[in-house]
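Questions regarding the structure given below will be posed in turn.
Per-chain residue numbering starts at 1, and chain names A, B, C, D, E and F are given in the order in which the chains are listed.
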């Protein structure tokens, strides 16, 4: 099993969620994070003082899924998350050694 | 005794009392999240502590029988002789208690205003002691000088609702505080960004609302003069918003909500001494310029590199000074027969009198505040430890956190 | 001049001014987090800008010497002749300045009300221009028609505190705005969920509180009529809460807090034209129905597929219309001898007069608002770019963020 | 009819109405985030529902022609005979409608106060039924006993603005609620921490502001007595802050912001029955002790292990009792000639009368509240399901969430 | 060393924290996340409009621990987190290559 | 490629961000978390009741980077994040199997 960690723009969340479920992903987790990368942040102004804010709001979507068919899921996510402008984010693939469903104790693929 | 005037000042007193929690929100929103309660608490406790000082001895020092133009006598100590009947010397149309409590609210908010200067780093206990000393040795005498029969009022200085007593005095004290307490850790490097601007705007709105009681109520009667003060107050606030955001737009390219809120307060400050002496059209000019002047005043801080955290010097100090000068320019006997004409109505002398009152007020408040701060520092220490400052006042001073969403 | 009446209208003016920041909170809480300041700012700046327009020329257009029943003359331009003495034509019992500033607060909030229609997508600069033009060409004439000696008042249309002048006019302008500006990106697909309902309820509470000044103050005297208006105002608000959440419970299975807050506003809107013409028991019926009617009005939007973001049409437009009709039904000479009887008191003609005033007000405001919006669109563009809309007004228009917890 | 008095009570009524949303914020901030709307909603709906009950029959039961000292007659049912003219029996100086609506606001907030006891776990529907029954069978009779010509007033019990009618009655009802509804899940194990203390402080500030209308307005005239009530109210609030945080500092080592806010309310509660009977200096003592007593009252709950979620018993119950006793100690004919002297002015009997009024009020309210709760429980059930409690009232009762930052 | 990533209901946090410390876990991180899975979300209503919210508030607990005795910890967490209703969450086990304690620079098991 | 997961005190964020960029890190993610460990939490007091809060606010910084030169980055972060007092946090190193840049579809090191 693999864990996909997907960093996206907040505005793409709905599309990515749909893409993942369309690909048969049974579940996922969504976290609000701040990203730092090539995309420039923005200026904020308070009483005449300018502040450069270089952290950009991003969404992290994590989903654990079977290794088979991973590439298709990646492609679907790329489609859903891409706007073509700097700051679209990344997909990271991590190994997962074990999964357990808490409710039933089922493990491995059945635990998903 | 006049029923209508009594209602008017009772309600005005309620409005002015409401300003202090309004200020707590105004300041609280500007602080960082970890200091929101500590900041609010300083205003809130002023409401308690200064009120006590006021009724015990502050009122007597301010409005007791004049001693050499400098201070009031002890005749009203513990509210002795302050009762349900009017006191004709002070205000023959309303119960003496109403006059006393209306004045009490002014003392409270003046102390609360200063807290913006040392936000996010002062010990709670130190603030309590400072508040007691400052009310006693700075506010009460100043109040006496201007309104209690002291030399400044006798000299003919015009201060309708507290440009000197409230704003210049708190602004000068704020400067002393910023200098004595020093900068917050990371000042100039880290971003100190307001944590809750809707809270700040809410506070500004409450201040504006309450300021009608502050300024119009200072007519001490429900008459045409109160009407004039009401209108000039509203217009100056409105125009200072426009002034502030215009300058801001030119300087930084964007008008901001915080700019609008700050501008409103700047205008209200500037019109405070003038409200019952100048006409509505003059207040439009006065207010618009107040917005620009206070914006510049706030920028000054970065130049001079002191950390007046929430810009009390820039807004209340400079705004108060501009208001006093503006009164010397725009005052007109046609508006208030017991006032005076200003420069633009042919009386250059008034501007000079105003100038003296500015210098005297600022110098007096700055020097005494400085001394008081030094004394408090020696006695119990002014600043929280660096670690406590890092943790924030909420946890370190009060064992609380503002939000648990 | 009457002292008690003067206090009453001074305090009422302060209360009505407080409504606009209240509205800012009401609307601000309904917006999404990234637009909270932009939304608040539109109301807040109305307080500044509309006040200026009002004192410079708006008041004169509304209350200057009548020209053909259509508009006021220029005699009060720049507040010429508006002083501390009463003006017997307008209100002989209070200083003219008090009357002027009380009316000023109505102009301010009317403009602020409209902003709900185009929340989350209008350029700040475009709004400023719109506000100036709308106050001048829509509000001032309408105000003149009803209260300044114009044809609508002469015709006998009853509008105690601004059902037509304030609510129908802003509601109709809101419809024009929703149509001209178009829908927000994602409208109908994405969830547009209020970001801070406690803020919205706080705003509703301030509106309610201020509305006592709005409606009771419109009696322009501290008398039995003011008492009646106070009571009908309170009861209509209370009943519209019950009306709204009852319908909501039937329709969706749950009564909501936002429903209660919206219902309160709906009731206050509906009772505005009626407050001083109908009795307390009638206001119970009027208010309860207002809750249901405005709930339906809000649903309408989904049917007709325009994006009146914060439901100005449904609540102020429909609520205002229902209030004007309700006045034509429930008005009674027993309540107000200088009013009229309504249908239920045997005078069907009044309902017809009310109908004319509704049609005229809505048509006038809608058409002129439409034209003004088109002009502003050509001159500087109404909508922010799609990207700025995505980023939110706070950052894109004001370079600020509301919260940093 | 007196214009000044009319303005005064009209504005006071507006201020007292504002207290209920203030209480909603005070309580809302103390709840956990998932219950913020449910908590706010209970106060807000009281504004609607209790107002309706009041005008339909509650007012008549309280102020209708006395029947045996126990209850008012039906002569004011549906506001029959309550009009724009004064009613000389009740208040000859203001329109009868003004008196009625001023009293209405007291009924509203009394019911809203109780909601703190069962916060975070009561069914919305059950609360509605409870509110109707409680207003009818507890508030109206009690109000009659004290102010409507009933036995308690005739006996000479002093209750200036509602120590018994408002605070002891709601405090006793709160105890019944805490006992009948039982503890929240996890009470005593989990931390129940306020989710938004700035909101709570804002609420406390609004309460304080409104309380000036509550207590000073209870003089029913703009005179020296109102002035006295205003001053004692302010001082008691201020001193109770100092009292509370002093005890807190000794007990836990830190003064807290929530302590200051709670102290303010405790002081306001305690001074309510006393405001127009005791002098300013007495109010300083009364207030300071109120802070300490209510702090102890709050701690009591942990000892006795009932879950009065937001400390209504500790603050309103105990505060009200202390206020009634304090009135019996400090009352002075020199302050109010139509009052009485208390123990410290040589009249021990008054303390005894106060004691009777305390026992009667608390017993009456507790027993009837208990019975009403049991009836409501049988009819529709008082508590939400455990699952709904876990989810929170906002989602389970109203399908909303407070915040989406 | 392994990283346990535990997704649970917010109401189970205290129990899971206790279970972990009882098992000798020396530290952990807690993050508020939104979960998507079999458990249905809820409806919200705003001015008559219904919105289906399908993200459910969950808590993610992360702890890095020695590989030995992992199963016992898993079992303890299962016990503490289970309510038996849909939505109880998952346990994921990931490999960890290195641990460094910032304060001391200690590495590996000593860094925990 | 490796993923560095760095748990630090909030006050060290700026320093760590600078250290990472100085080491050539091209991007990172920042999440607010609550940590539990040796560092004691604090007491809070509400109306006389004391509550022990044992979760401490921490910041998690995640960055994916090439395996080469990892040790230098670790050292730089140690320097930047260390205060020497209990609670300074940890660095965890995890394996990463794949990286994709959403905007371009680039993979591996190019995707960073």
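Convention: contacts are C-beta pairs under 8 Å (C-beta built on N, C-alpha and C of every residue); 3 or more make two chains touch, one makes a residue touch a chain.
All figures in this text were calculated on a predicted structure; none of them were measured in a lab.
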item	value
Intersection of contact partners for chain B and chain D	C, F
Same-residue or different-residue interface between chain C and chain D, half as cut-off	different
Between chain E and chain D, distance of the C-alpha-averaged centres to the nearest whole Å	45
Distance between the centres, which are taken as Cα means, of chain F and chain E, whole angstrom	18
Rounded Å distance, chain A centre to chain B centre (Cα mean)	51
Shared-contact residues (touching 2 or more other chains) in chain F	31, 44-46, 94-95
Sequence positions of chain C contacting 2 or more other chains	2-4, 7, 11, 193-194, 196, 202, 252, 254, 256, 258, 398-401, 403, 405
Arrangement of touching chains [line / ring / star / complete / other]	other
Chain pairs in mutual contact under the definition given at the outset	A-B, A-C, A-E, A-F, B-C, B-D, B-F, C-D, C-E, D-E, D-F, E-F
Contacting residues of chain A [partner chain C, same complex]	11, 14, 42-46
In the complex with chain C, residue positions of chain E that touch it	44-51, 53
Chain E residues touching chain F - in the complex, by the definition given at the top	3, 17, 26-31, 64, 94-103, 105, 111-112
Residues of chain C that touch chain E when the two form their complex	191, 193-194, 248, 251-252, 254, 256, 258-259, 262, 295, 298-299, 302, 311
Residues on chain C engaged by chain B in the complex (per definition of touch)	1-4, 6-7, 10-11, 13-14, 17-18, 21-22, 24-25, 28, 36-38, 40-41, 44-45, 47-49, 51-52, 55, 78-79, 82-85, 94-95, 97-98, 100-101, 104, 124, 196, 199, 202, 394, 397-405
